[in-house]
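Look for subunit A in each of the two complexes below; its partner is subunit B in the first and subunit C in the second.
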Partner chain A sequence: METTITVKKTFPHGVHPPEAKEETHHLKIRRFPFAPVMILPLSQHTGKPSKAMVREGQEVARGQKIAEADGFVSVALHAPASGIIKRIALAPNPVGRMTPSIYLQPFPASSQEVLEGTPIDPDTASPDEIVKAIQDAGIVGLGGAAFPTHVKLKIPEGKFVDTLIINGVECEPYLTTDHRVMLEQKDDIFMGIRYLMKVTGAQRTIIGIEANKLDAAQELSAAIPAGMPVSVEVFKVKYPQGAEKMLIKALLDREVPSGGLPVDVHTVVVNVATAAEIGRLLPHGRGIMERVITITGPGVAKKGNYWIPIGTPVRYVLEQAGAKDNISLVFLGGPMMGQAVSNLDFPFTKGTSGLVVFTEAETNSKPQKIYPCIHCAYCVDACPMFLNPSQMGILAKKERYEEMAEQYNLFDCFECGACSYVCPSHIPLVQYFRVAKGILREKKAAS
Partner chain B sequence: MAVILTAVAALGGITVILAALLILANKKLYVQEDPRIDIVEEMLPHANCGACGFPGCRPFAEALVGGQALPGKCTVSSEEGRVQIAHFLGVDVGAQEKVVARLACAGGINVARNRARYEGLKTCRAAAVVAGGGKGCFWGCLGLADCEVVCDFDAIHMNQFSLPVVDEEKCTACGDCVEVCPKGLFSLHPASHRLWVACKNLEAGDEILEDCEVACTACGRCAADAPGMIKMANNLPVIDYSKNHKTQAPIQRCPTGAILWIEKDGTIVKGRESKKVLRKSTLPDLPT
Partner chain C sequence: MNLTQKTLEIRTSPHILSGMSTDTIMRNVVYALLPVAAFAVYAFGLAAALVISVSTISTVLTEHVLCRLTKKESTIGDWSAAITGLLYGLTLPPGLPLWMVFCGGVIAIALGKFMFGGLGYNPFNPALVGRAVMQAAFPVAITTWHPAFTTDRFYNLPDSTLTLPFMAPVFKAVTTATPLAQMKFDHKIADSYDLAMGFVSGSTGETCAVLILLGGAYLAWRKMMNWRIPAAIFLTVIVLSEFFHYLKPEIYPDSLFMLLSGGLMLGAVFMATDMVASPMTSRGVMIYGALIGILVVVIRLWGGLPEGVMYAILIANAASPHIDRLVQPRVYGTGGVKRKT
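Then we have the complex of A and B:
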C-alpha cells in the first residue's frame, strides 16, 4: 500500500546546518565486534548513579544485571557481553570527569547468548509494572539526553496524557541512526508504542519525522498495525525540530510553559529508538546491552550504522572503523549538540548516538577570532526558545549571571547551539550559557 | 480652584507631618554608637575581604570594639596595624595565624600533558565544560588563570609553566580563588601547614605518570613514613594537621614529589628520592 505523505508543519525560528546524512542514511545497521575491555560507567544517565551488584573477578553472563537503580531517578545496568569483571574503579566519562565504572573483559570464545528475564505483557501488565520494567531494563532517552525514560512515563497524580509523540525527527546533522531504526525495526517500534500508550494512557500516537526521511515515513505509515491509533507526520527540515518543545509546538500547537514539562500540556515525547528498545526488550524481560550509532565524518573509512555494545571505548571504535592517521576532532553525538571528546578512552554510553570524526584537513584552520557582538540579532531569530542570546552573551561576558537567569530565562535554553551557529562574530554563546548555568547551579547548591 | 488648593494644602500638610515623623523616628531610633567603631574601622585596611570571618571591615570593627574578636583575625593588616588597634582598644593582638590559599596540583605544562587541545573561551571555567578541558589528568589545573584574574590582592601569578603560584605575603585568604577554580584545587590553610600534598588525582598506579610526572601514584610510602599523621584515603595521602606535621620526613621517599614542603618564600622542597624534573619546555600532547 502506497501512502501519500504531505509535508507540513514546523516550528518558528531555527537554522539549517548542512545535513551531511547522505553518506550513511542508506547503510544497513551492522554488528560491531566486542572490544577487549569494556568500560561501563555507573553514571550513564541523568540522575543518581546505579549501584554495582558485582565484585571484581566475578563472571557475568550477557544481559545479566550488574548494577541496580539507586532510587527512582536512576536505572539498572546490564552486562553487554559474557565475561569477567576486571575492576570496579574510576574511568573517564564523556562528561569530562572520572567516575566509578565497571571494567568488563568479554570471554573471547563465548557464544554470547543473552540471558532471558521475566517477560512483561503489554496487555495484562499495569502501568506501574511497565514503568518498573522500563527502569529495570536500564532504558534512558537514546536521543542524547540520557534521561531515564520511566521517569517521564510516570504520570503525576492529577495530570493526564492524550497524545504520545514518537520522535523520529533526528535533526542533528550527520546522524542517521533513528532513520535506520525506523526502516529496520518497525515491529519493535510499534510494540514499544503499545507499552507506551498503555503506561501513559494516551489515546493516540503521532510519529514525527523530518522530510529528509520520506522513505521511513512511508514505510512506517504502511506498517501501522490495524486498529492502532497511530499517525505519521512529516515536517520541513529544520534544526532543532527534534527538541521536545519544538516538536510539541509543531505537532499539537501547544506550548510547554517555561520550566514546565510536556505532561503539563498532556503529552509525552519518546525518541523512536527508545520506543524500539522498549518494544524489543520488555517482551523478553531483558536489559539494554547495545544501541545503534552512526559512525561517520571525513576521518573514518568504514562509515555506517552499527549495533555497538554499551561500554565500547572510542579508541576501539576508531580502530575498527578505519580511522585515518590525521584525525583531529571527534564528536560523541552530532556536531551541534554532541560533545567533543578529550580522551579516546571514553566509552560509548547509552545516550551516545554517534561518532563523527574530522581530520586536520577540516579543522586545521586557525581558531576563529571572537569579535564583539554587532547586534545583528541573527541569534535572536535563530533561537527556537525565543530567548535573546545576544543580550545573554553580553551579560555572560560581564559575569552577570543572575540577570541572565532572572531577566532573560537562561534556564529555558537547552543548548541547541543554533545561536552560536549563526553568530557572525563567532561568539561561543552556548559555551557562555553552559558556564553561566553551571555557576548558578553551584551557587544554589551552596546556599 | 478651591478644591485644588485644598489638595495642595493637604499634600503640603502631609509633607510636613511626614518630615516631622522622620525627624522623630531618627531621634527615637538613634542609638548612641561607640565612636571608637569609626576610628577602628579607619585603622582597618578597607579590603572588605571577609578573611576575618565577618562580613566586612565595619562589622569586624564593631566586633573588635564589642570585644567579640581580636585584631589578629585580620590577615590583611600589617603586624604594626594589628598592634596599633590592640593598643588603642587596650586588648591583646590575638594570635591569629596567617591563613593562605594552597594549590593542590603541581602539574605545570612541563610535567603534565594534554590529551586534547582546547580551543574556545580562554577561561578555566569555559574549558572545564568541554569534556573536562583536555588535560590528561582530569583533576589537574587547566592553567587558564581564572584564579589569577579573580584575586583582588595580586597574590596569584601564573608561573612560566602556566601554574598559579600564591604569594603568601599578599594572600589575605579571602577565598575567591577557592570559589572560582572549576577543578576545586584551592583551599585555605594556616601558613604553618608547610607539608603539603600537591595532587588531587584519585587514580592509583604508575600509568598515571604518563599524564602527569608529578602525580601521586598512591604508593603509600609517605603514609608509611608518618604513621598516625598521614593516612591514605581514595588513593591520596591525607595529612592530619592536628598531629605534629612540622617535619620533612614524609616527603623523602615520595617517588614523584607529589607530597612536598613549601617554604615561607614559596620555594618548593621535594624529597630526596623524588624524580628531578629539569625540563623547561612544554611536554608535547599525548599522542592518541
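Then we have the complex of A and C:
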C-alpha cells in the first residue's frame, strides 16, 4: 500500500546544521565482534547505580542478570556475553571519572546462546507488571538521555496520558541508528508500542519522523498492524526536533510547563529504538545486551551502523572500524550535544547512540576567533525554548548567575547547542550556561 | 594505528558551528555599501571620493591607534570600523572640508564606540555619533550642499574641500538646497523619479535610493540585516505622511517624497539596522522601527531642521535596550498549559 506523506509540522525556531547522514543511512545494521574484555559500569543511567549480583571469578551466561535495580529510579544490568567476571573495580567513564564497573571476559569459543527469561504477554500482563519487566530488562532511553524508561511510564496518580509519542526524529547530524531501526525492526517497534500503550493507557500513538527519513516513514505506515491506533507524522528537518518538548509542540501544539514533564500535557515520549528494544526483549523476558550505534565521521574508514555489545571498549571499536592516524576529536552522540572524550579506555554504555570521529582537518581548519556579542539575535531566533542566550551570555561573563536564573529562565535551557551553533562571534554560550547552572546548583546545595 | 599515543582534543558541544562569523557579516555590509559609495563618486565627483576615503581612513586608523594605545590586539580585522567610516562619509555633504571629515571620523570611533568598550558595546550607531557631533560643531559647513552632476566634478574640487584646519571654509562656489530643504522652506517638491535615481543634491551617499535598497536586499537575503527594521520604518513613514498629506496636501508632501528624500533610505537600511544598537526580538525591532518612523515624520514636518533621520535613529538607539526589556520572548512552557482536543 502506497501512503502519501505530507510534510508540514515543525516547532518554532531551531537551526539547520548539515545532516551528514548520507554516508551511513543506507547501511544495514551489522554485528560487531566481542571485545576481549568488556567493562560494564554499574551506572549507565540517570539515577541510582545498579547493585552487582555476581562475584569475581563467577561464570555468567549471555543475557544473565548481573546487577539489579537499586530502588525505583534504577535499572538492572545483563551480561552482554557468556564469560567470566574478572573483576569488580573502578573504571574510567567518558570524562575520566572513575565509577564502579564489572569487567567481563567473554569465552572465546562460546556459542553465545542467549538465556531465555519469563515472557511477558502484552495482553494479559498488568501495567505494573510491564513497568517492572521494563525495569528488569535494564531499559533506558536509548536516544541519549539514558533515563530509566519505566520511570516515565509510571503515570502518577491523578494524571493521564492520551497520546503516546514515538520519537523517530533523530535530529542530530551524523546519526542514523533510529533510521535503520525503523527500517529493520518494524515488528519490534509495533510490539513495543503494544506494551507502551498498555502501560500508559494512551488511546493513540503517533510516530514522529523527520522528512530526511521518508523511506522509514513510508515503510512504517504501511506496516501498522490492522486495528492499531497508530499514525506516522513527518516533520520538516530541523534541529532540535527530537527534543521531547519540541516534538510535543510540533505534534500536539502543547507546551510542557516549565519544570514539568510531558505527562503534565497528557503525553509520554519514547525513543523509537527504546520502543523496539522493549518489543524485542519483553516477549522473551530478556535484558539489554547490545544496542545499535552509528560509527561515522571523517576519521574512520569502516563507517556504519552496528549492533555493539554494551561494555565494548571504545578503543576496540575504533581499531575495528579503522580509525585514521590523524584523528583528533572523538565524541559520543551527535555533534550538537555529544560528549567529547578525553581517553579511549571506557566502554560503550546503553545511552550511547553514536561515535563520531573527526580528524585534524575538521578541528584545526580555522581557529575560531571569539568576538564580542554583536546583538545579531541569531541565537534568539534559534533558541527553541525562546530564551535570550545573548543576554544570558553577557550576564554569565559578568558572573551574574542569579539574574540569569531568575530573570532569564536559565534552567529552562536544555543545552541543545543551537545558540552556540549559530553565534557568529563564536561565543561558547552553552558552555557558559552549563557552568552557570553548575555554580547555582552548588550554591543551592551548600545553603 | 597506535591509539595509545593519541592525544585527543577535549572540547564542549556543539562540535560543529554554522560557519557564519562576525567579520564575514561586517565585510558584507561593506560590500553592500560599495555601490552606494560608487554612485556618490559618480554624482559628486572628486569631492565625494575624497570625503569617503578620508572618513574611512580616519575611522580605521583611529580604531587601530586606540587599540595599540590601550595595548590590545587591533580590532580593525572585524571590519566594523570600516563600516562606520563608510557610513559616516556617506552622510556628509560632498564639499565638507577634509580636516572636518577626519575629525568626525576620530570622534565617531573614540566617542561613539571605543569609550563604551568597542564593538558590541556601543549604545549608538558610531557613524551617527560622529555625524551628530559634526552637526553641532560645524552647523553651517555640514548643511552646505553642492549640486550633483556638475560638468567639472571629476577634476575640480569645491573650494571648501581643502580648507586648512580651523580656518572658516569659504563657500564661494554655487551651493544648492536639498529637496528636503526646498520642501520645508520653499514648499517645492522634487520629482520622485529623480529622487529614486539620485539625480538630486544631498549628502554623498544619501541620494540613490535604488542602490541603497539593493544593498539592503542583499544583506537581508544573506540574513545579515534585519529587514523588519527598514520595513517598519517605511511603513510608519508612509502611513503618517499620507495621513498628513491627505489633510493638507499643499503643506505636507506625499509619502513617496518622504521615503525617497534626504537620509531616510540610507538611515533606515544601513544605520538603524546596526545590530548592536537595535533591539533583538522581532517584536522589539517593529517597535523600534515604528519609533524611528514617527520621529522622522515629526522632525521633518514640524521640527526646526529639514532632516530628522539622524536624531530619530539616535533616540531610538537609546530606547532600544528598554524596548528589548519590554518585549522579551515568551519562554516555552511558561504560558500555561494549552489543551487542544
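Keep in mind that, in the parts below, the second predicted complex is superposed on the first by the 442 of 447 C-alpha atoms of A that agree within 3 Å, B and C clash if a C-alpha of one lies under 4 Å from a C-alpha of the other, contacts with A are read in each partner's own complex, and residues count from 1 in each chain.
Keep in mind that, in the parts below, a residue touches a chain if its C-beta (ideal position, glycine included) is under 8 Å from a C-beta of that chain, and two chains touch if they have at least 3 such contacts.
Since this is a predicted model, take the numbers as computed values, not measurements.
Asker: Once the shared chain is lined up, is A:R434 touching subunit B (first), subunit C (second), both, or neither of them?
Answerer: After superposition on chain A, A:R434 lies in contact with both partners, subunit B and subunit C.
Asker: Subunit A residues in contact: does subunit B have more, or subunit C?
Answerer: Ranking subunit B and subunit C by residues of subunit A touched puts C first.
Asker: Which partner chains sit in contact with A:S82 here, subunit B, subunit C, both or neither? Use first/second/both/neither.
Answerer: neither
Asker: With the two structures laid over each other on chain A, which partner does A:F331 touch: subunit B (first), subunit C (second), both, or neither?
Answerer: Touch status of A:F331: second partner only.
Asker: Under the stated touch criterion, which partner chain does A:V341 make contact with: subunit B (first), subunit C (second), both, or neither?
Answerer: After superposing on A, A:V341 lies in contact with both subunit B and subunit C.
Asker: Between subunit B and subunit C, whom does A:V380 touch in the aligned arrangement: first, second, both, or neither?
Answerer: In the superposed model, A:V380 contacts subunit C only, not subunit B.
Asker: So, A:M98: does it touch subunit B (first), subunit C (second), both, or neither?
Answerer: So A:M98 only meets subunit B here.
Asker: Under the contact definition given at the top, report the residues of subunit A touching subunit B in one complex and subunit C in the other.
Answerer: Shared contact residues on subunit A (touching subunit B in one complex, subunit C in the other): 315, 339-344, 428, 431, 434.
Asker: Please name which positions on subunit A make contact with subunit B in the complex.
Answerer: Subunit A residues touching subunit B: 89-90, 92, 94-98, 315, 339-344, 346, 367, 370, 428, 431-432, 434-435, 438-439.
Asker: Which residues of subunit B touch subunit A in their complex?
Answerer: Against subunit A, the touching part of subunit B is residues 115-116, 118-121, 123, 125-126, 128-136, 138-139, 182, 202-203, 288.
Asker: If you look only at subunit C, which of its residues touch subunit A in the complex?
Answerer: Residues of subunit C touching subunit A: 1, 3, 6, 8-18, 20-25, 78, 117-121, 223, 226, 275-278, 280-282, 324, 328-340.
Asker: Within their complex, state which residues of subunit A touch subunit C.
Answerer: Interface residues on subunit A, with respect to subunit C: 15, 17-18, 173, 245, 249, 252-260, 264-266, 315, 318-319, 323-325, 327-331, 335-344, 356, 358, 363, 368-369, 371-378, 380-381, 384-388, 390-391, 409, 412, 415, 417, 420-426, 428, 430-431, 434.
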